[in-house]
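You will see two complexes here that share chain A, one where it goes with chain B and one where it goes with chain C.
Moving on to the complex of A and B:
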């Protein structure tokens, strides 16, 4: 009997664990180590953050789902990995620390034959003074990155709406809280959902709503922007995005590294080296992401974290990490199998793998501060990678060490992104976009780096319907209800 | 002033972009047109999803 341990029960880890359990059956064991008792459909946190959904609607208990699937569930966080075992014991193991199941604080060594790191991001609020400490958000801003954060964000937003309803002018600032953030799409959704709700509540005229972002242009989204077919034209996402901001009266600051946050004010530096301040009454700033800080030790107990993980804390996989200038970046730099180069029974999926480099053009301010979005790894790629890794591990277990590993390069896969711009079955809107491939391949598509037949976008109610239906569909799938395997990632 | 022109006047950022007019905005929430778009978008997305797996 082989044991697969999956670290992290988010989009990627849940996909890996559930497919692996299905394919491996009862002959082998699948263990999930994840610190939260509940699964969260993170994209819908946006609607929790504007009071359009409750926390209960976007989360569910993992334990019964894992019990049904025959998966061993350990409500714990992984702390370190010993891929060579330890003195006197050859079996590799992961050290975990329980956060629930009546064992909070207790440690355990869980041995494995294969391990998949799908621990997602550490929300690195501590990177910007005043944004927070470590992975904890501070008091000056709100976040929608977790369901609890989103509940709090909505409570604070209601206070702003109440003041605006009384005729007080209020300023809302939404965007990224550091020069090296990713996940601009989530902030984009939040700002337009706030704008939509403000109009519904009749308080829009008393709100100044402003965007601040590390993207060098609107619509970069950490992918260097994209060119898409709209109304017979092939246009840059910049034009598409600027149009939406102008239509909805949302001013913007781009190319900004937020360097400090205080109560009611952010300091920022721009690409041209100039600095500025922006006051606010309510701010939602996405933190930069880092790896969750797992350590690794060899058999002798020596620290080998640098061998297994990149400096940003994400796990090294089969990518080409050789530093090279932007002009020499290639689609083939991106990983295909997500296998750790040193320990072949170790994989990473979703946000947890270390990308070879960013996707957007690297930029520095005149003072040398890097201000560029880091690569997004959204739900669809995370799920597809999680499933490919599950496939590989199952084949390795069932067919032996020479089994063919499954591939899922972000330079060969597309992503469907539906960015909500306001909720409502009759008056909602969303930008429905697809991009193919996620990582541009200028050798294959010399013009824009992408296939414009499969890269498109449009805004409308239909996009909202898709977004809302996906909410139910993905929660249904994650609960492993009948036919769940038929729903694509 | 037409509604789409109001924001052009607000600042240079907005002045240099394109803002949908009344017809384009109406089509975005027109149920019949959006139902047709819904079908088309789903087909296009399924194609991209299939190409990606």
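Moving on to the complex of A and C:
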């Protein structure tokens, strides 16, 4: 009997664990180590953040789902990995610290045959002075990255709406809280959902809504831009987003690194090296992401964190990490198997793997401050990678160490972003943007590295419906209700 | 060397340009060709794509000197004003709203980064030409109504297909067959919906006739939606490298179609049948 330990029960980890449990059956054990008792469909947190959904609607208890699937659930956070075991015991293990199940604070060593690191991001609020401490958000801004953050964001937003309803002018600032953030898509959805709610509440006239982001152009989204169909024509996401901002009366600052946050004000540096400040009454700024800070030790107990993890805390996998200038970036730099090069029974999926470099064009301000989006690894690639890794591990367990590993390169994956711009069955709006491949392949597609022939979808109500249906579909899938395997990642 | 300027309806007008990554001889040649083309046509500014080169390069003529602006980005956009613009692609003009002041961040021909403030006409020229680099023209910046007028005026529309003939992409199709099925069931539903107005003015005989038609059409629409689903799934498998979310999109489309179909059936049942 072999044991697979999955660290993190988010999009990637949940996918890996549930598929592995299904494919491995009762003969082998799948363990999930994750600190929260509830699963959260993160993309719908946007709607929690504007009060259109409750926390309960976007989360559910993991224990009964894992019980049914025959997965061992440990509500704990992983602290360190010993891939070579320790003095006197060869079996590799992971040290975890319980956060619930009546054992909060207790430590345990969980041995494994295979391990998948799907711990997602550490929300690194501490990177920007005033944004927060470590992974804790500060008091100056709100966030929608977790369901609890989103609940709080909505409470603060309602206060702003109340003031605006009394005729007080209010300023809303939404975007990225650092020069090296990803996840612009989430902030983009949030700003337009706020705008939509403000119009519904009749307070739009008293709100000034502004976007601030590290993208070098509107619509970069950390992917160097996408494209979409508008009125039958293929249009760059830059043209489309600029039009949407103009149409909805939202101003923007691009190419910005937020350098400091204070109560009611941010300081920022721009690509041309100039600085500025922007006041606000309400700000939702996405923090930069880092790895969750797992440590690794060898058999002798020496720290080998640098061998297993990249400096940003994400796990090294089969990518080409040689530092290269922009002109030498290749699609083949990106990982295919997500296997750690040093320890072959160790994999990483979702945000937890270290990307070889960014996707957008690298940019630095005149003062040398990097101001460019870091690569997004959205829900879809996270799920697809999670499933491929589950496949590989199952084959390794069932067919032996020479089994063929499954591949899923982000340079061969398309992405479709259905971005919500307002919720409502009748007046909702969402934009469907596509990109293929996610990571540009300059050899196959000279110039942009992308195949712009591939598109689908337009902005409008239908887009919103799709987004809303996806919400139910994915929660249904994650709960492993009948037929869950038919629903794609 | 002077190069021919792209003219409507050349599909390359709609190509999105890539960033320049190599600052080498090829780039120098591109800039030289652009400069020659500008001289020959007496142009003040030119985007590389205007001579069919798919890279983000703009050359500007000021006081007789030609300066390349590579991988340009705008920051600090401020103020807005409308003015008439003319495209080198199309033979017409339209009033377009643009920022009156902005800062251009760009690279020179050695890859060195610079920035420059631009106001008024200069700011407008930059915006107009960067749009070209993004596969776009001022037509994408005008209100939808004006855009429709322009579209109607052009005999081939606004250039829908940006592929150059003979360069068919073998991997991913531009048009999926499933979209035709979708269109068919949508027209079907529309036709049925139209018959719902009959009881308001037509006589009983006409209505009875429409009911019979609807009785055939409604199941047919459902059958088409199902056909859409299965065909689309097949197509998604066939082209599964083209995007990872096709199934989600298909399910969404089917769900919407199904809800519309349910609504249609309900109206038929409660409104058409009794009348």
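We adopt the following convention: the second predicted complex is superposed on the first by the 477 of 489 C-alpha atoms of A that agree within 3 Å, B and C clash if a C-alpha of one lies under 4 Å from a C-alpha of the other, contacts with A are read in each partner's own complex, and residues count from 1 in each chain.
FYI, contacts are C-beta pairs under 8 Å (C-beta built on N, C-alpha and C of every residue); 3 or more make two chains touch, one makes a residue touch a chain.
Computed from a predicted structure; not experimentally measured.
Undergrad: Considering only touches as defined above, state whether A:271 meets chain B (first), chain C (second), both or neither.
TA: second
Undergrad: For A:249, select first, second, both or neither according to whether it touches chain B, chain C, the two together, or no partner.
TA: In the superposition, A:249 touches chain B alone.
Undergrad: So, A:146: does it touch chain B (first), chain C (second), both, or neither?
TA: neither
Undergrad: If you stack the two complexes on chain A, which partner ends up touching A:227: first (chain B), second (chain C), both, or neither?
TA: second
Undergrad: So, does A:34 touch the first partner chain B, the second partner chain C, both, or neither?
TA: In the superposition, A:34 contacts neither chain B nor chain C.
Undergrad: Among the partners chain B and chain C, which is in contact with a greater number of residues of chain A?
TA: Counting contacted residues of chain A, the larger count belongs to C.
Undergrad: Counting only touches as set out at the top, which of chain B and chain C does A:413 meet: first, second, both, neither?
TA: both
Undergrad: Could you pull out which residues of chain A sit against chain B in one structure and against chain C in the other?
TA: In chain A, residues 239, 243, 246, 252, 380, 384, 412-416, 432, 434, 436, 454, 456, 462, 465-466, 488-489 are touched by chain B and also by chain C.
Undergrad: So in the complex, which bits of chain A are touching chain C?
TA: Touch list, chain A to chain C: 216-217, 224-225, 227, 230-236, 238-239, 243, 246, 252-256, 270-274, 326-327, 361, 363-364, 366, 380-381, 384, 412-416, 432, 434, 436, 442, 446-457, 462, 465-466, 469-470, 473, 487-489.
Undergrad: Mind listing the chain A positions that touch chain B in their complex?
TA: The contact residues of chain A facing chain B are 239, 242-243, 245-247, 249, 251-252, 380, 384, 412-416, 426-427, 429, 432, 434, 436, 454, 456, 458-463, 465-466, 488-489.
Undergrad: Which of the residues in chain B end up touching chain A in this complex?
TA: Counting only chain B, the residues touching chain A are 4, 7-8, 10-11, 13-14, 16-20, 25, 27-31, 34-35, 37-38, 41-42, 44-45, 47-53.
Undergrad: In the complex, go through chain C and note every residue touching chain A.
TA: Residues 14-19, 21-22, 54-55, 71, 73-77, 97, 103, 105, 113, 115, 131, 134-136, 140-141, 144, 147, 157-160, 162-163, 169, 171-174, 241-249, 251-253, 255-256 of chain C touch chain A in their complex.
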